[in-house]
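Order of writing sets the chain letters: A, B, C, D and E. Residues in each chain are counted from 1.
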Amino acid sequence: QDITEFRIGILGGENASDRLRSNECLREKTEKLLGVPTKLFAPADYNGVIEGLLGGNLDMAWLGASAYAKVYMTNPDAVEPVLVKINVDGSYGYHSIGFARVDREINSLEDMKGKVFGFGDPNSTSGYLIPSIEIPKLGYSMTPGEYFGDVVFTGGHEQTIIAVANGDIDAGVTWADGLGAWEDGYNSGALRKASDAGLVDMTELVEIWKSPVIPEGPIVLSKTLPERVKLDMTAMLASLGFMDKECAYSFMAGEVLGLAPINHSEYESIIAARKAKN
Amino acid sequence: MAVAALEQEIMSLRKRRQLYSLIGVLLVIGVVVSGYSKSNSMNSGGFFQGLSQFFDYPSEIVVEAWQSGPAFFGIMAGFLPAMLETLNIAAVATLIGGALAVVLAMASSRNVDSWGPLIPVTRRLMDITRAFPELIIALFLIFILGSSPVPAMIAVALHTAGALGKLFSEVNENIDRKPIEGLSACGANWLQRIRYGVMPQVAPNYLSYFLLRLEINVRASAILGFVGAGGIGQELRRTIGWGQGAGDETAAIFVLLFITIMIIDQVSSYLRGKLVGSDRAH
Amino acid sequence: MIQFDKVTKTFGARTAVNKVSFTVEQPQMVGVIGRSGAGKSTLLRMINRLTPATSGRIIFKGEDILALKGATKRRWQRDCAMVFQQFNLVPRLDVVTNVMLGRLNGHGTLKSLFNIFSKDDVAAALSALDRLGIAQEATKRAEELSGGQQQRVAIARALMQDPHMILADEPIASLDPMNAKIVMDSLREIHERDNKIVLCNLHTLDTARTYCDRVIGMRDGLIVFDGPPSELSTDVAREIYGADESFNEAATSTSIEGNGQTNPAGVMAPAAAVSG
Amino acid sequence: MIQFDKVTKTFGARTAVNKVSFTVEQPQMVGVIGRSGAGKSTLLRMINRLTPATSGRIIFKGEDILALKGATKRRWQRDCAMVFQQFNLVPRLDVVTNVMLGRLNGHGTLKSLFNIFSKDDVAAALSALDRLGIAQEATKRAEELSGGQQQRVAIARALMQDPHMILADEPIASLDPMNAKIVMDSLREIHERDNKIVLCNLHTLDTARTYCDRVIGMRDGLIVFDGPPSELSTDVAREIYGADESFNEAATSTSIEGNGQTNPAGVMAPAAAVSG
Amino acid sequence: MAIDTLDAPVIDHERVFERVQRRAWITIAAPLAVIAYLTYTWFAFGVPELLERAQPDRAVILATDSVAYKVHVVKDFRRDEVDVAIEGERTATYAPDDYPDWVVVDGERIEVDLGQGYLVEIAGQTARFTVPGYGTIVSTAVADGVETQLPPGPVPEWLRDDPRKLDARPSLDRRVQVTRTKIEVHNYFGGWENFWFPFNSQLHGMSIGQLYALALSGDRLDPQTSNLWFIVNEFLENPDWQHGHVFVALFETIMMAVLGTITAAAFGLPLAFLAAKNFTPSLILRFTTRRLFDFLRGIDMLIWSLIFIRAFGLGPLTGALAIAFTDTGSLGKLFSEALENIDNKQVEGVRATGASQLQRYRFGVIPQILPVFVSQVLYFLESNTRSATVIGALGAGGIGLVLVETMKTSRDWENTTYIIIMTIVVVIAMDQLSSWLRRKLIEGK
C-alpha cells in the first residue's frame, strides 16, 4: 500500500513557529524523498504529539523516553523507535536538573522541606518521570505535603524555569546536558535556551540536584507505514548529519555527532519506571 | 390604481429576492463544503479515518473508570476541593465583573442621564474588554503574578465586565423614564435616581443575565485552569497528560464537571425563569 | 410670590412657550388650560427645572430659580413638588417607600442608597397617605394600585416634600371620572388647608371652573387668557382652543356629576360602555 | 347545498356543539350569533376541519366532508375559505405573498417550499387585493398594516382560494367601527357578486341584522333560533344571549351609522370623541 | 376625605416601620455578604502573598518590550566573537562590515555609543561603561567571575554588582551585563523592528512610495515572479514576524468558528423540532432529544475538543467539530424553546387554506422562527470566534495555539502583542459583522 501524505509531529518546548521553522528543511527533504505532501504539526504539549501518534494522525516524531513509554504502553503496535541522537562527545544522554533561586537560601533538597516543588510536563522524562523516581530514593517523598509543602505541575520546561525565577515555586526540575558552565545554563538544554533568550539570569539560580544520565528519546515512526517508507526515512535521517549539516543542526537543536539506530529494548527500564508510577 | 404596473414591480421584486436567497444559500453551502474539505486537509488526521477512532479515547477512560469500581466515587470526592476552587474563581469573577458592568452600563446609557461625553468612551471600553478572550488576559497576568487562581479571576472578571456591561446597557435603554423624572422632580441626585428610579426596574433582568454569566464563567474558569490558573482545569490537564493509568481520574473529573455544570445550568435557568419569565442566551 | 418674566422655551425651530409673563401673588389654585401642544407641560416642567428654559426668569423670593445649579437646584426641585399625568412612581417599590422618596433631597446620599429611612419619615409618609385616604395600601407595591390610587400616592409624595408649591401636569388625564374627582378634591384640600400655591394643567374646562381660583389659558405658547373662572365664557374657550362653532365642551368633560348647563347627564353612559 | 346532520363536538365533559342540524340550500349570507362559549367558533372550525368533529355528518355535494382525509381533506379546506378574528396572517411575509398562500393547495409542495409563485398567482392576488381596495399595500409586510387592512388581506387570501363558501369567525371583533363596516361590506359584496355562501360568526345583533339573509342563534351548543333577521325580536335576542331585562343592545353595537330604532343617533358621537 | 379607609384596618405605624427597617437591613446585608465572601476568597486565593510576590517590573519590561526592540552587542570570550544582532536572533545578525553606526569596532576595541553621553568601551575582557551624572563603571571578566570598580559614593538602585555578574541598567533603554563568559550591551529602539520585511531582504527599509513604484515597475527583482507577488511573499515569509503563519492561523480560527456554528445550526434546527412539544407529540422522542441537547452542552467544548484531538488529530476540523457538538446542544435548546413559543394563529391560517404539512411549516412556522434563528446563530458566531481561540490554545490549533506558544516562551513580547492585536481585531470584526448582518437580515435595514 502507498501513503498519500506524511505528517511529522514536533515536540513542544520552543515557540511553535520557531519549531516549524527549524524543521522546515526536514519537511522539504522528506517531501522530495517520499514524493508525497509532507506536513509539520506542532501541538501545545507532549500529549498532543502522543495523541497524534496513537490516533494514527502522525507518522513520525521525536519523542522523549517517557513519552515513548506512554505510547508503547497505550498501544504497543502504534510506533517503533528507529534512531537516537548521539552527542558530540559521544555521550548519549542528558540529565534532569533540580534548581532553585539563589536568594531563597535553598542549596540542596535538604532545604526544601515544606517548600513547593515543581515538575514540568507529566509526560516529560526529565521534567517528571526520573525525578519522581530518583528523588524519593534519596528519602524525600514526592507525595504532596509529606516532605515538600506541595508538588505541582507547571506544564513544561519553560514554565518551570519561569515559575522558579518568578518565585511561584521554590524549586523545579528541567533538563540539561550537564556539560559546560552553570552560568551559561550548561551547553545545551532548557536552561541554556532560557538563558540565551534572556528569560532568566543563571546567576540568580542554583543547582540543587542532578539525576543520573537519562537515555535520549527515540525518533519513532508509525508502525503502519509501509516498510519502504520506514527504511527510506531512517536512511535519510541517519545520513542527515553528513548530507546537510545546517539542517541537522536545526533539526537536532544543536551540534550532535549523529543519529544511531536503536530499538525498543533500550527503553524497557523507562517503561518499567513509568509502569511503577501508575 | 395601476395594478399592472404594480404587478411588474412585484414580480421583479420577488425575482430579485429569490435570487438573493439563492445566492445566500449557495454561499453558505459553499463555505461549509469548501471549509470542511479545507480543514480536513489541514488537520493531521482525516475525518473518515477519525470516525472509526471516535470512541477510542472515551472508551479508554470508561474502561479504566469501570475497573476502579466503587473507589471511583472516592476519586471524585478527592477532586471536590479543586472543583470548589474553580467555582470560587467563577463566583468572584462574576461578582466583581458584574459590579463593574453595572457601573459601565450606568455610565454608557443616555437613558439614565449619564454624562454625555462619557458614553462613547465607556462603550468602546466595553467593546474592547469584551473582545479580549479571557485566555489572553490570564496568560499575561500569570506571567506577571505567577500561577494562581487570581489571574484567572481577573481575566474572567474583565471579560465579564464588558460582556455583561453591554447587556446591562441594553436593558437600560429599554427602561421607563417616568420614575426617574418623578425622582428628579423631588430633587434627588444622580445616584439616588439610579438607586430608586433605575435599579428597581432593571434588577430582575440584571440578575437573570448575571446568573447566565455565572454559568458561562464556570466553564471559562475550568478552561483557564488548563493554562495554569489552578482549579479543576489544572487537575484535568495533569490527568489527561499522564494518560493511561490516570483514566479513572480523568473520568472522575469529567463526571464532576458535567454534574456541576448541569446543576448550575438547571438552577440558573430555574431562577431566571422565575425572574423574567423567559430566558435568552447571551 | 412667584413671578414669571418673559419665560421662553424653544425646541429647535418650534417655540413651545413664548415670552410668558405673569405673577402669582398669594397662594392660589391656578389652572392652566389649552389644547394639546399649547405649551402647558413645558411651562410647568421649566418651573421644576425638568426642562431647561431658553430665556427669561422665574423669580421666587427674590431669586431667579432658572439660574440655580447643583444642590440648590435640587433643593428648589424639592420645594416645588410635581405631580405627573402618568404618576411617575417607582412601580416595583412599595407605596410607603415611594412616598418617602419625596424626602430624598434632605437625606445623605449614602444613607438613602441603603434604603435607610427614619421612623419620622415613615410616620410622615403614613400621615400623608392617610390624608389622601390610602394609608391602608402602604405596604403594597405601587404597581398593584389602580390609577387613581397611584395618583394619590404621587400627591402624598409631593406632600412629603413639604413644598412651597405643587405643580400638577394633567393629574387627572389618565383617570376615570370617579378617581379624577377624588384627586382634584385632594389637591384643592391641600391648597386650602396648607395654603400652598397649586399650579395645575388641565385639559377640561369644567374641571378648571370647578376647582380653580384663577385660570390661565394658553395657545401656541402664548397666554391668551388670565382671569377668574367666572370670566371663562364659551367664546373665550373657543379662542383658547382655537375651535370653531362646532366646539362642544361636553366632548372633553370628565366630570361625573355633570355641571348643569355644559354637560348633559346621560351622555357619558354609552361612551363609558363603548370603552368598557 | 350544505347540510349539517347532528354535528356534535365534545371537549372532555363539555359539549361545545350539540347535535346541530340545519341546511343551507342556496348561496346565502348566514350570520351565527350567540354569546361567548356558545359554540360558534367550534362549529365553523369543524366545517373547515380545523377542529375534528366528535360525531355527525356535514354533507356537501353528496359527500360527508367530515370523513375526508389527506389530500381530499386539504382540497376541501381550500374550498371553504376561513377568515379569522385575529386575521391569522403571517406577519413577517409581505401582503401579496400572504394572499398567494391561498393558492398553496393547488401547488406542488416543492415549488411552493421555495416560495415560487407564478405570474398568474401574482396577478390574481393583486386583483383580489384591488377588489378590497388595498392593492397599493401589496409590497408591505403584513405586520405593518392596520387591523382593518389586515382583515381585508385575510379576505383577499380567502378570495384567492376561489372557495365554494367563506367561513368568517368574528371577522370584525378586533376592529373599530369604521373598519368593521368596510370588512362587512366586502363580505357582503363577495356574497352578492360571486354568489357564494358566507357563514359568519358575529357577536353583535345589529351587524347580523344589517348584513345577513339568515340568522342562526346558538346557545350552549344548541341552535335556538334559525330564521330571517326580521324575526329577530328583542325577546328572541334575550333568549339567545340568556340575558335579563336590563339587556341593552346599544351596549354592544359597533355600527357607525346607527340603525334607527335600536341605536339612537348622537350617542356615538361623544363616545368617539372621548376615545379619539 | 379618607373614603377608602372607612372599613379598612387601621394601619400600624410600628409595623410599617419594621418592614421598612427590615428592608434596609436586607439592603445592607446583601452587599455585606458579598464583601464577606470576597474577603474570604481574598485569603483563600492567597492574594496577600501574591501581591508580595508580584513583579510589577515585569509588567514594565513587558510593556517596553512590546513597543520597542533591542539590539544586542555581545562579545563572547569563549568563541572570541562579536555579534551585533536584533533581539540577539541568529536570523537578524548584522554582517561585520555592516554594523550600525553607533557600534565602532576597531581591532580588539569596541565602542558602543548608547546616546546622550552613555558610552560603553570594550577592550579585551574589560568593559568601561560611562554613565552621565554617575561616572564610569569598569568591569573585567576574570576566571571565576567579574571584578568591578564603581565610582565612589552609594551604589545606585539600577546597578547590581555581584561577584558573578554585573548588571547595569541606568535607563529603561540601555543595559550592560558582564559575566565571566561574555559582555553584553543592549540598546533599545522604539517600534517593531523588521515588521514589514526581513532583515536581509532587498526590500528592507523601503518606504511605501518606493514599494509602490517597485510593484509597478517591470524590472523583476526575482525573475521567477512579478514584483508585486515578490513583495507580498517577502512580507508573508518574514521570519521574525511570520505574517503568513499568523494569517493562516487566524484563518483557521475563523474557519473553526464559522464551520462550527453553521454545522451546529444545521443540526440544531431539525433536532429542535423533535424537542418541541407542539411538533413532537411523542414524549419519549422529545425527552431523548432534550437529554441529547443537555449532554452535548454539558460535556463542554473543552472536553469535546480533547476527545476530537485524539480522533481527528490537530487542526481546524477538530475545533470546528468541538464547537459544532457543544452548540448543537445550546442552539437546539434555544430553537426548541422558540418553536414552543410560536404563534399558532399563523399556522392555523395557513392550514385553513388546505396547505400540506410541509407547506404549513414553510409558511406558518419558518417565518416566525427565522429571526430568532438568524440572530442566535449570529450571536453564537461572534462568541465562537472567541471560543475558537481558546480551544485552539488547548491544542486544536489556530491563532490560540500560536499565541500560547509565543507567550509560553515569553521572549518577543512585540510578537505576542502583534498576535493579540490581530486576534482582537478579528474578534471585533466578527462582532461588527454579526451585528451588521443581524440588522440587515432581521430588521431589513
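One rule holds for everything that comes next: a residue touches a chain if its C-beta (ideal position, glycine included) is under 8 Å from a C-beta of that chain, and two chains touch if they have at least 3 such contacts.
These numbers come from a predicted model, not from an experiment.
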If a chain touches chain A and chain C alike, it appears here: B, E
Interchain contact steps from chain B to chain C (minimum; 1 if touching): 1
Cα superposition of chain C on its sequence copy chain D - rotation in ° rounded to nearest 5: 170
Chain closest to the middle [Cα centroid of all protein chains]: B
Chain pair with the most C-beta contacts: B-E
Whole-Å gap separating chain B and chain D, where each centre is the average of the chain's CA atoms: 50
Interchain centroid distance [CA atoms averaged], chain C/chain E, Å: 58
Centroid spacing, where centroids are CA-atom means, of chain B and chain E in whole angstrom: 17
Euclidean distance of C-alpha centroids - chain A vs chain D, Å: 83
Chain E: positions in contact with at least two other chains: 53, 55, 310-315, 393-394, 404, 410
In chain A, residues with contacts to at least two other chains: 7, 41, 45, 52, 54-55, 57-58, 155, 159, 162, 166-168
Sites on chain B at which at least two other chains make contact: 43-45, 50, 53, 56, 143, 146, 148, 227, 240
Chain B partner contacts - residues on chain D that touch it in the complex: 96, 114-117, 119, 122-123, 126-127, 130, 135-136, 138-139
Chain E-touching residues of chain A, taken from the complex the two chains share: 7, 12, 14-18, 20-21, 41-45, 48, 51-52, 54-55, 57-58, 155-156, 158-159, 162, 166-168, 181, 183-184, 196-199, 201, 203
Residues of chain B touching chain E in the complex: 28, 31-32, 35-36, 38-40, 42-47, 50-51, 53-54, 56-58, 88, 91-92, 95-96, 127-128, 130-136, 139-140, 143-146, 148-150, 153, 219, 222-223, 226-227, 233, 240, 254, 257-258, 261-262, 265, 278, 281-282
Partner chain A, residues of chain B touching it in the complex: 43-45, 49-50, 53, 56, 60, 143, 146-148, 227-228, 234, 237-238, 240-245
Residues of chain A that touch chain B when the two form their complex: 7, 9, 39, 41, 45-47, 50, 52, 54-58, 70, 73-74, 121-123, 152-155, 159, 162-163, 166-168, 277-278
